[in-house]
Amino acid sequence: MTFTLNRRGLLKATGAAALVSGLSMPSILRAQAQTVKIGVLEPLTGNLAYNGTQCAAGAKFAADAINAAGGIKSMGGAQIELVVVDAQSRPEIAASAVDTLAEAGVVAFTGASASALGLASSQAAAKYDLAQVFSIGTAETIVERGLPNVFRFTPGVNKCTSVALENLKQLNAAAGNPVKTAAIVHEDGPFGSNMAKIMAEQLPQQGIEVVETISHPTPHRDFNNIALRVKASGANILIPSNYLNEYTLMARALRQQRAELMAIYSILGGAASNIKFVRENNDVAQYVMDCNHWYDPNKPESQALAASVAEAGLDLTYDVMVSYATIQVIADALERGASTDRKAMIETLAASTFDGSIMPYGPTKFVNGDNVNSQPVNTQIRGDKIELVFPEEYATAEPVFPVPQEG
Amino acid sequence: MSSLILPAVLSGLTMGAVYALVALGLTLIYGVLHIINFAHGSLLMLALYAAYFLFVHLGVDPYLAIPILLPVFFCLGYALQRWLIAPMSSGSEQNVLLVTLALALIIDNLALYFWTSNTRSVDIPYAYNTVEFLGAYLPLGRVIAFFAALAAAPLLWLFMTRTRTGSAIRAVAIEKRGAEIVGIDVNHTYAICFGIGTACVALAACLLLPTFYVTPQVGYTFVLVAFTTVVLGGMGSLPGALIAGLLLGVIESLCGLFLGESLGQIGIFIAFILILLFKPSGLLGRRAA
Amino acid sequence: MKPQSMGQAVLIALALIYLASLYFMSSPVWMGFTINALIVAVVALAWNITGGFGGMASFGHAAMYGTGAYASAILQVQYGINAWIAFGAGIVAGAAMGAFIGALAFRYGLKGSYFALVTLAFAEVLRICASSFAITGGGSGLQLRLEPGLSTLQFNDRAVVYTILLVIVALVMALTAWLKYSRFGAYLIAVRENEDAARALGIDTYRIKVKAMAISGAFAGLAGVLYLQVWLFIDSAVVYGSAVSIEALIGPIIGGAGTVWGPLIGTLGLHLLGEGAKHLLHNAPGLNFVLYAVVLICALRFLPQGLMGLAARIGTFRKKENDNA
């Protein structure tokens, strides 16, 4: 038992390394067919290494799936070759890495997990007329600069927050409006702070009073005080937005301080839709709801992805899904444009109406680089699974709200 | 808010105990070798992984891992100082710093490569247990860490004052050349000291794991606080490190409560600057550099 | 600035050939990478003033670097002030921060590791403040609007940016050389060698040290402003993070602290090493840093006086008088 786990751990480590490697090295087989290069710019080292590595893995799964299905057909079955570069969690390195991508001859690239990295990379890419399709880039400044090479496929912080609050309103109404007060706990980076600002404006309109707002840095070592303040505020629900590690500590502290909440309803939660959190903290994870990027679990590509991820011994997180989807978006543009010209690529992407991605989005429509038909969905942790509970058309389970109180 | 002050102070004390534990090893190394060991956080990370893997693969409870990991990390520390840091730094203080920095880079990135950047935490049955004290709920793991720190500091202090090795370490710390003349093997003594410091890190890791998580970057979460603790307590002072750790825990907790958690950590560094300026020898330090 | 030996001359010539060759290689990758290295070289030269000549090793040059960058960014973003004025203000702010930290630390007689730690703590305090207040953009940081032009000090052409940086690095090095051979430089080196003796000779050591911190702060502030103007974005972790402080000291120590060319050569060498490691171990992110660190440790072992110190011993022109730390 213990040794199988050991082997799995090893496999997992080497599997991840192998995934990241072998990406930019065209194999002998592939070298014979025509290839088309797509860049993947992610932080593989440094603070954001976890998200970056997951994203790189997602891109790899997408490229493999597309290649296995015959590559880019309009280009004579050209195979996708990924060029993966490390942004090292530093903006200036992210910007310099774009040079490497341009020199390698990529037609477009995806990235870059954190808004600061994405801002820097897309600006550098603008000089090359090189399109960046953002996997994750929640800061609204990304699409507010008027750069023609910026395409954000997934929703930004404004839309995520609005949709989350709208969904909360519906859940609350369905339960007979038991929730009157809320406490907000957010990380003090751009994504947490922006979200808190929007919520402070919009929650009162829904008849929910914000009784406590607490920001904290990343990393943060001690969540006891935060749990105490949430408890003392008497809030009905807690709305957190922070990263995996802090989320884990927070969830534990809330349990230890016996905070009685009707629900934990997180927005772009770092852990609430992370299967690792579910596995390692199963008890406190139950019924945690999250409004986040998530795939449509009913699509066959989604199920195939889930199977490949499990086979590689990786965790299926939203990073994997969105990165997979952005490669699909680029592949679709290649299919339609049948050209490796960068400028043509930007035009083809801008005209995209792609609706075959694994995400539960309507047909793609980029307005100023922002995909207006993207949307986050609600997930909920049930048992040892993460279920999609909202909106209904994609749901795999009924939402449970508020959380049943323990007897 | 006022009803939260007492629980916040208690919570700060238990967090401070962890700072003290991490700082105990650092203050020894600092006080004796006069080097700023930038690899301290990375060694803490390594010890956390060691405790984690012992738990996951062999089912060893983190607390029971203490007697296993202490000697292992003592040997590791001894070897690092004796055969890497000392010979590679050619005796220059700046070079020691860079060697420990490079060492940190090596350990962190090897961890990233082999264990990936995944966050790991142990799921132990008593993870959510609390101790009720004066109406506050204190996490059991942190209460254990608190008492362990209270016990470890005096034990180490006894070792330093009552044993031959301890005396040798103190002699080398105060007067290196003099110690050499009376026949103390300075290199060996330095390495022993570094080994003890590293063993302290292993202790801290075992006590920390049940209430925390492990990633390749986790060391940085604690290393700056540990430096602060060392200076505040007086470089090389074990009781000083204990008191300073507890004090910093409380300062951070109260600052977090009143200034907001984002600014909470600023209290630590302002305390740090003030103590450096006005009493650089620290709370219980004997002398300034 | 003159080399003292054949070895140093060769080393300097190699650096110059590399820098010049970029104009002919037309490789944006190498130019982009060298632009980053040159910005770091400026903060390394800043560290060299206090750490190299003055023997006051700081672990917190990010404090001045970040203050320069933030001062310039706040003026431009929040108050719409012209980039040239903001540029100057950033340098002044860096100098002021340097003088402030120096005045406080030296007033209370901090040296050695105590000085190092107090600078580290200042950088941390500033980092936390910068991520907490609205004027600094909080956690989102500050972003300059992209409008290339001479008046905004933003240039689209890599070669132009590169040339400007080369000129600035040359200027900072010329200033360093001038300082080194000035009366002030002599006093500063005297303070490093034996502060008590210097004081006994009537040198106001406190003033000299604070002045050195101010000059160093001005250079570091300049480097921060350069980062801002090149990448147009800063946040607290980027400019006040400990990575900046470490890069500031690692280049001069490897290149040769207390020499004019050492910081540039050390920084270029380390960046080339890092880039080489990246290419060599491209498929294993993380391992490139391991290789980098291993080479670094070996360099420390075999080059106790840095690259310039090693080169000084090869083909000496005249009696050795280099003053490496």
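We call the chains A, B and C, going by the order they appear; numbering starts again at 1 in every chain.
Here is the rule we use: a residue touches a chain if its C-beta (ideal position, glycine included) is under 8 Å from a C-beta of that chain, and two chains touch if they have at least 3 such contacts.
Please read these numbers as outputs of a predicted model, since none were measured by experiment.
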| item | value |
| --- | --- |
| Steps needed, at minimum, to go from chain B to chain C via contacts | 1 |
| Reference chain B; chain at largest CA-centroid distance | A |
| Averaged-CA centre spacing for the pair chain C and chain B, given as whole angstrom | 31 |
| Length of the line joining the C-alpha centres of chain A and chain C, rounded to whole Å | 37 |
| Per-residue multi-chain contacts in chain A, two or more chains | 17, 45, 49, 188, 217 |
| Multi-chain contact sites of chain B, meaning residues that touch two or more partners | 109, 112-113, 260, 262, 265 |
| Where chain C touches two or more other chains, by residue | 128, 131-132, 284-286, 289 |
| Residue ranges of chain B in contact with chain C within the complex | 30, 34, 36, 84, 87-90, 92-95, 97-99, 101-103, 105-106, 108-110, 112-113, 224, 227-228, 231, 260, 262-263, 265-266, 269-270, 272-273, 276-278, 280, 288-289 |
| Residues of chain C touching chain A in the complex | 27-29, 31-33, 35-36, 39, 128, 131-132, 138-141, 143, 145-146, 156, 227, 230-233, 235, 238, 243, 278, 282-286, 289 |
| Residues of chain A touching chain C in the complex | 17, 20-25, 44-45, 49, 86, 90-93, 95-96, 99-100, 102-103, 115-116, 119-120, 123-124, 126-127, 139, 141, 145, 147, 187-190, 192-194, 217 |
| Contact set on chain C toward chain B in their complex | 57, 59, 104-105, 107-114, 116-118, 120-122, 124-125, 128-129, 131-132, 246, 249-250, 253, 257, 284-287, 289-290, 292-294, 296-298, 300-301, 304, 325 |
| List of chain A residues in touch with chain B within their complex | 2-3, 5-6, 9, 12-13, 16-17, 45-47, 49-50, 53, 188, 214-217, 219-222, 224-226, 228-229, 232, 244-245, 248-249, 252-253, 255-258, 276, 279-284, 315 |
